[in-house]
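Two complexes come next, and they have one chain in common, chain A, joined by chain B in the first and chain C in the second.
Moving on to the complex of A and B:
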């Protein structure tokens, strides 16, 4: 069931109990977790934090803790599959789910006792009524397939799914804090990072992003107004959050402007920086703005003040001439102490790089804790470490995209485009992780659309496969919808993958909470692909 | 003594807070506290004030002496006098640090206050060093210093005592045939 009053129906329940917090491995979940932890500390609620990376992890965690805990809070996991069916809990276990994965499984919606969904509801819903669904089931004799074609939804499709607007988990939990009037600037900053994570990893539409930014902007003004009154200005060490209309260049304030332009997907795809022609255009662009190359290749903080002064406006003006109308994006920045300034996207990149770091001795649990730490203001070296890792990751993505485009590794298979990263590709280990692979995939599709002349290919979705575990001989396969201005980010590959796997009895593991990411045995790759082609044609 | 022990003692000092919750009077071993009513100021020890502040259950009211003009006067006075002037609070340094670290959003002009308190501290410590230096070089038997706080005494305590012990050893070795030639260790 949906929770309408998050305070009465969730917080007041758990505040005197011991709670198990099961948190998925993405930045939005981490931010929601931080906010919830802060609230729990205020009210001295005992909790156990368990990071989970997939359904198996979730199942194991549940089995380990079901004896000791009655209340489970699931963040960014659990909504899109029939939870009670999967976990088989006792009658008295209660699950509070705050999940951004869509579509929500209808059984979760209609369970009144054990499954409580913390999902903000807007007026234009679309929940099929209880009778529609369950009567259908009797009539159709329990036919289990919800169809996934991106056209209409037939009655059997309605049974399984329920789509609606998707607020970042961190924003939902921040609203809880606000309702309790315990919201602080730290929590607001985490909510901002959660929203920015959704935008960086392309999980929400631009319209939704802008709307949510406006909501957060109201909170930011409220906090700023509270503190700046008369002459009593705040200590320099206090945290200040400000609204910024800043450049869409990843990490540019912690890097050199040149590197940032080369490694950000927006600029790189617009200039086509994988080609000589593109490089020349970039030089022209810099010359057009009157920025000397020496300045631009320096660390950003060491650039001359005269150059930095109107940088954003200068870049915006020139970008318009080169066809980049949206080089500036609405976002927020934070600043505390004399030299610590960060944009929300900087923190997202840093935390994502830490979370999916592929160093040898680190377990996923360690990475989770490190990424969680870098979100606190007191752990600045961790954050800077994350920024360095993020720079390497972005450079690796850029180089992989360049080589894929130049060597024509993206092939059209009919109903979709396909790319396979060979084992020897440099930095291929980075791409065995879902978030990094998603970034690569989206970047690759954008670049491909810009570089190909084939009109039909521009409208196709992209499936990418990369080696996941060399010993077990598996690959990670991920599919994204086609590149379009008005896309609503709905991804139907989940069902397509399931069906293809069934029909060819390929050995697959559908472990990720995001159903469009699966693990597949290397040997089964070809037959799996063939099945997909037939399925989607 | 360890500086953290001195800070622990400082946390018993009383400070005013404005809670946002209500609670009846509580009876603790050290004394009674409360009752707590939202919006009404109440006096509590610093340790409780900090805990409540961190749990966002109160707002801390800075002590009267934690004010830019007052501290400037104290600083000027300290610089003029050769002896130690009376301090605003026997634990002024610890309280400043604790309150400014955890509740700087409740204290206006926090940065200036931090600088002023540091100036006062530096002046006093300089005087203490001078005084200790002249005490040792003139081989005095005893000295009297008014208005020192526990934290200041603590900075010099171990060093001063060790120095005096060393001097005693050296002096007793210089006098031939007395005290059996070997100094006693304390």
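Moving on to the complex of A and C:
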């Protein structure tokens, strides 16, 4: 069932109990977790935090803790599959789920006792009535629980997919904090990072992003106004969050402007920086702005003040001439102490790089802890380490995209585009991780759409496969919807992958919470692909 | 040269800083005591000789040996006392049951002293705070909160807290638990206190 009053139906329930927190491995989940932990510390709610990377992990964690805990809070996991069927819990276990994965499994919606969904609903999207859905099944002898339809087919009249608007988990939990009037600037900053994570990894539409920014902006103003009336301003060490209409250049304040332009997908795709022609255009662009190469290639903080002064406006003006109308984006920045300024996207990139770090001897649990730590202001070293890793990751993505485009590695298979990263590709280890691979995939599709002349291909979705575990001979496969201005980010590949795997008896593992990402045995790749082609044609 | 062994045992103790307790240097103490015995006997005979035969040229030697004896005595008592201070600190650090490796480092008398100290401390603690007494070895620094956040550094299995509930301590899991239950495990290195 959906929780309507998050304070009464969730917080008041758990505040005198011990809770198990099962948190998925993405930045939004980490942020939501930090906010919830802070609230629990306030009210001395004893909890145990367990990171989970997929359904198997979730199952194991549940089994290990089901004797000791009655209340489970699941963050960014659990909503899109019939949870009770998967976990087989006792009658008295209660699950509070705050998940951004869509669509929500209808069985979860209709369970009144054990599954409580902390998901904000919009008023105009009505919940299909119980009878509508379940009666349909009996009449039509349907096999699935009516939660999704395949590929691109229209949902049947009464049986609707349940995908409502998707607020970041961190924002939902922040709202809880606000309702309890226990919200702090730190929590607000984490909510901002959670939202930015959704935007960086392309999980929400631009409209939604802008709307949510406006919501958060109201909170930011409220926090900032608390101190404006006083004669004495705040100490420089206090945390200040500010609204910024800043450049869409990843990590530019912690890098050189030049590197940032080369490695940000927006600019790189617009200039087509994988080609000589594109490189020349970039030089022209810089010349047009009157920015000397020497300045632009230095560390941002070392650039002359005269150059930095109106940088954003100067870049915006020139970008308009070069066809980049949206070089600036609404976001927030944080500022504490003299040296420490970060944009929300900087933190997202850093935390994502730490979370999916492929250094040796680091288990996913270790990485989770490191990423969680970097979100605290007292762990700046960790954050800077994350920024360095993020730079390497962005450069690797840029180089891989360039090589894929230049060597025509993206092939049209009919109903979709397909790209396979060979084992020897440089940095291919980075792409065995879902978030990094997703970024690569989206960037690749954008670049491909810009570089191809085939009009039909521009409207196709992209499936990418990369080696996951060399010893076990598995590949990670993920699919993204086609590139379009009005894309609503809905991804149908989950179902498609399931069906293709079934029909060819391929050995697949559908472990990720995001159903459009699976693991597949290398040998089964060809027949799986063939089945997909047939399925989606 | 005289008193060198005494200095050696002190140096050895001094080298082990940070309140660590090295093994009791039975051998060293014995040698020092033997040296003291030898000096004392020599002095005895010399004093008798000086008295009976009036040999006043023996007096400086007697004085010198006496100084050596005093020095040795001072060194040995310093050694023993410093060890006692360290052993006392162990009670506050480890609780009333010492790890076996530390107990091996203590001589029988020191163990006896430790037991007596424990008893004194326990009696004192029982006398505070009304009927139940007060465990003053908890919370050496004033705690900021009743509960603390801890992170599990290694798999420790199940752990029971006061109200009977069991927590599974698995590597990389984080927990928010009552402070007093965690202190032991933090000292043992199983849990790490997270301050955000």
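What we mean here is this: the second predicted complex is superposed on the first by the 518 of 537 C-alpha atoms of A that agree within 3 Å, B and C clash if a C-alpha of one lies under 4 Å from a C-alpha of the other, contacts with A are read in each partner's own complex, and residues count from 1 in each chain.
As a convention for this text, contacts are C-beta pairs under 8 Å (C-beta built on N, C-alpha and C of every residue); 3 or more make two chains touch, one makes a residue touch a chain.
Here the structure is a predicted model, which means the values were calculated and not measured.
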| item | value |
| --- | --- |
| Side-by-side fit of chain B and chain C on chain A, or clash | fit |
| Which superposed partner A:451 touches (first chain B, second chain C, both, neither) | neither |
| Partner chain in contact with A:42 - chain B first, chain C second, else both or neither | first |
| Partner chain(s) touched by A:65 [first = chain B, second = chain C, both, neither] | second |
| First, second, both or neither for A:399, with chain B first and chain C second | neither |
| Chain B versus chain C as contact partner of A:215, first or second or both or neither | neither |
| Touching partner for A:330 - first (chain B), second (chain C), both, neither | neither |
| Partner chain in contact with A:86 - chain B first, chain C second, else both or neither | neither |
| Chain touching more of chain A, residue-wise (chain B, chain C) | C |
| Overlay on chain A, chain C to chain B nearest C-alpha distance, Å | 5 |
| Chain C-contacting residues of chain A that also contact chain B | 41, 44 |
| Touching residues on chain A, where the partner in the complex is chain B | 41-44, 182, 184, 227, 231-238 |
| Chain C to chain A touching residues, read off their complex | 145-147, 149, 151, 165-168, 170-178, 195-196 |
| Chain B residues touching chain A - in the complex, by the definition given at the top | 54-57, 100, 104-105, 107-111, 114 |
| For the chain A and chain C complex, residues of the former touching the latter | 18, 37-38, 40-41, 44-51, 64-65, 67-68, 363, 365-366, 368-369, 376, 378 |
